[in-house]
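I've put the structures underneath this note.
Both of the next two complexes hold chain A, though its partner changes from chain B to chain C.
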Partner chain A sequence: MAAAELAAVWLTLKLAGIVTALLLVIGTPIAWWLARTRSRLKGVIGAVVALPLVLPPTVLGFYLLVAMGPNGPIGGLTQSLGLGTLPFTFAGLVIASVFYSLPFVVQPLQNAFEAIGERPLEVAATLRASPWDTFWSVAVPLARPGFISGAILGFAHTVGEFGVVLMIGGNIPEKTRVVSVLIYDHVEAMEYTQAHVLAGGMVAFSFVVLLALYTFNPQHLGGRRG
Partner chain B sequence: MSEIRARFRIDRGGFALDVDLTLPGQGVTALFGHSGSGKTTCLRAMAGLTRAPGGYFALGSEVWQDDARGVFLPTHQRPLGYVFQEANLFPHLSVRANLEFGQKRSRSTGGARLAEITALLGIDGLLDRRPDSLSGGERQRAAIARALLTSPRLLLMDEPLAALDLKRKLEILPYLERLHDELSVPIIYVSHAPDEVARLADHLVLLHEGRVVASGPLGETLARADLPPAFADDAGVVIETVLAAHEADALSRLDFAGASLRVGQRPEALGSRLRCRIHARDVSLALKKPEASSILNVFAARVAELAPTDTPGHVLVRLDVGPTPLLARITRRSQRELEIQPGREVWAQVKAVALLA
Partner chain C sequence: MKRFSLLLAPLLFAASAHAGEVSVAVAANFTAPMQKIAAEFEKDTGHKAQLAFGATGKFYAQIANGAPFEVLLAADDETPARLEREQLAAPGTRFTYAIGRLVLWSARDGYVDGRGEVLKKADFKHLAVANPKTAPYGAAAVEALQKLGLLETVQLRFVQGENIAQTYQFVATGNAELGFVALSQVHKDGKLTAGSGWVVPASLHAPIRQDALTLARGRHNPAAGALLAYLKGDKARSIIKSFGYEL
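Presenting the complex of A and B:
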């Protein structure tokens, strides 16, 4: 594998790792709220979180590009903080990927939290555990399959993204050129051999990830409980 | 220990709970009623699990809820133990870790120690097992131990035996009786099973459609002729007796205020207290002392009161055997033909006595 390929693979794994970690931090409170709230906002927030599931990645990428650009709200904020603008940077790619992969982490977590039900939390309260304590000592351990599913799906989905990367990140070696973009490059240049190496690797990777998910954690995939 | 005060009013459209109770601060109080009578809701409100706006709850001088003064302790700040119908052990923890979950958090000083409580409930050999490897009865005993290890000042039990089959029930009942005998914690016990209530309770609260129909000491309340429709076929009295003598023919004599009962020989020591239950359907009446009868337990009694039963063909008769009340369920025809009326002297024949402990 050439240096360009290795750089792209490393960048992809780094991106997916960072995004997965951020998604677990951001997605857990959202999923907890969605699983437990009786608010009328539940439907609205749930729909917003799920939007990336149905939108073409170019649409999401386009709006994120506008928002992060010099005249957009996020761009204005980052500029006023002296950070410049985010499009065509690795940081911009991370933020875009967080939006893009959010439902893949939130939904398994939400389902896992819902599956716990009210009772174990009530039991914990009768055993003197505060709500914060109960969350960490009861809800999180019981939702472990949801965390595993969410992490695997978030990671794999970030590895597989293409449209959003192209809109936000462009194609800068070692900064924003991830595997999926590099495959596209190779195909455009008629370099089928190099494309085969990366594409075949992606197929194998995806298969192994899904196999692991179905084998160890069958009931939480795609949010349904078996 | 001072008394327990509870006042809750909950209105949820189809269901309303409206109770105002003063309960003894010791022994077992049974909240008894059919499903839908509000007994579980009442218990949950006591624990703070169900919010009853405008409610009041105090254990002695400790006020846990007084909405009129803005007091509401969340459940985790109330020194109570709660046993649910299902054991609800945490599946991700061993039995020991389950037991320690509440113990660690209650920061109790002395008192409830793990070895003592696990021995009391007979689960000391199960501590390193996973909850899913226990039988239903073992799980429920572990759940009771877990609640006790928080050193509760009030133990709330919501039909802890209802999810178990008869065999498991019989396995747990003796442990519950030991709790009653060996711990000073007041217990509020929700049940719809007359047998459990008769066996365990000292005080009885009868709930019907969210309201308190009766509240009083068990023996007195069960003997009220106007209430037994709630018990339907299970109407009957509970009598506290003392094992007074072992007699010839493998019989034992149990004394109670007013008379004595003869039952098959008992293994307990003389002087033991035994609780007996006599169903109204097992008591028949005669105007003359029956002779040449196989029934041993025959008492002179005076009719105190008549009341309707759940079937039109029968009438419930409250009798006084000395100071001890007894209920008899007889047909209306017998009542008319024997002219059974309040004040009348009769002979009560008891066909069966159930010993509860």
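Presenting the complex of A and C:
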């Protein structure tokens, strides 16, 4: 593989790794809240989290481009903090990908938390475990398959991200040119051989990821229990 | 002769018509003029042109793999020539329908001066350019920067649009302070529609010849031939010129 390909692969893995870690941190409390709450806001928050599942990535990408631009609300905020604007930066890709892959982590976690039911938590409470302690010693271990599914799906989905990155990335080597964008570039430039190498690799990678998910975690596939 | 064909063409088409339909792949930079031309074309001939806009390289891949386009209006002259060589097009139909002009443009008033000196000052963070590997306007921009001796200094600030429409979007949203776009995107009836710009002298890059041709699938569709003929007519040509193309 040429240097450009290696740089894109490395950048993609770095992006997916950081995004997955962030999503586990952000997604866990959201999923826990969605699983436990009786608030009327549950439907609203659940719907907002699920939006990237149904929105075309170009819609998300376009609004992020406008919102993070110098005249948008996020862009205004980052500029006043002296951070400049986010499009065309790696940080911008990370933030966009967190939005984009959020449901793929939250939904398996939420299902796993819901599947625990009230009882183990009540038992823990009668044994005088604090809610914090209960969460870490009871809920998290019982929801382990949900964490595995969420992490795998979040990672794989970020690797496969294209439309959003295309819209806000600017195709900068080693900063925003991820594998999917480079494949697109090769196809556009009619460099089909190079395109095949990366595209074939992508197919193999996705298959292996899903195979792992099916093999080790069949009941939590896609966050739904049969 | 031209005048004659202009007067007669609609009549001929009207006579030959049951109104047909033609499916057209249009280079992104030609979006605005083509919408206008297609509307006139339908009015004058009764034929309907179904337009799809996008990057020429992508259209090539789609056409080579059986996409049902009947006419291509490319952003370059190489792709149509290649389609002809590979017998994916109707032979002998290729012609240059427009010559594109490049403009260094900013959405901000007064940011780009009339001589492009802003490039030398280089106080911008992002300069938007269409991917030079795939987009003719991107290649022309790189060539012009090379001739100006500025490529080295500004290259690190490149942000690339996958086609000229996306490049325009980067600049229009203010995410890139300035960028090289097609004059047709920011120009109408002799002046810029917004912001500030410097029309890059044609001497700084090879001419951006945009060729059109009938594709293999359109060979037997009279509406395809009618559209190409219409593009050569005075009405279409004056629309094309009004968007800043040369002919």
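FYI, the second predicted complex is superposed on the first by the 225 of 226 C-alpha atoms of A that agree within 3 Å, B and C clash if a C-alpha of one lies under 4 Å from a C-alpha of the other, contacts with A are read in each partner's own complex, and residues count from 1 in each chain.
To be clear about the criterion, a contact is a pair of C-beta atoms (placed from the backbone, for glycine too) under 8 Å apart; a residue touches a chain by one contact, two chains touch by 3 or more.
Worth saying up front: this structure is predicted, and the values here are computed from it rather than measured.
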Scan A:I172 for contacts with chain B and chain C and give back first, second, both or neither. second
Mind working out whether A:A212 is in touch with chain B, chain C, both or neither, as first, second, both or neither? neither
Give one of first, second, both or neither to describe whether A:G69 is in contact with chain B, with chain C, with both, or with none. second
Using the touch definition from the top, say if A:V203 reaches chain B (first), chain C (second), both or neither. neither
Could you tell me if A:V138 is touching chain B, chain C, both of them or neither one (first, second, both, neither)? first
According to the stated criteria, A:L127 is in contact with first (chain B), second (chain C), both, or neither; which is it? first
Chain B to chain A touching residues, read off their complex: 47, 49, 74-77, 80-82, 84, 86, 88, 90-92, 101-102, 105-106, 146-147, 150
Taking the touch rule as given, give the residues of chain C at its contact with chain A in the complex, in rising order. 55, 57-58, 60-61, 125-126, 128, 131, 133-134, 158-162, 166, 169-170, 173-176
Under the touch definition given earlier, write down the residues of chain A that touch chain C in their complex. 65-66, 68-71, 84-85, 87-88, 166-167, 170-172, 184-185, 187-190
Given the complex, residues on chain A that touch chain B span 119-120, 122-131, 133-134, 137-138, 141-142, 144
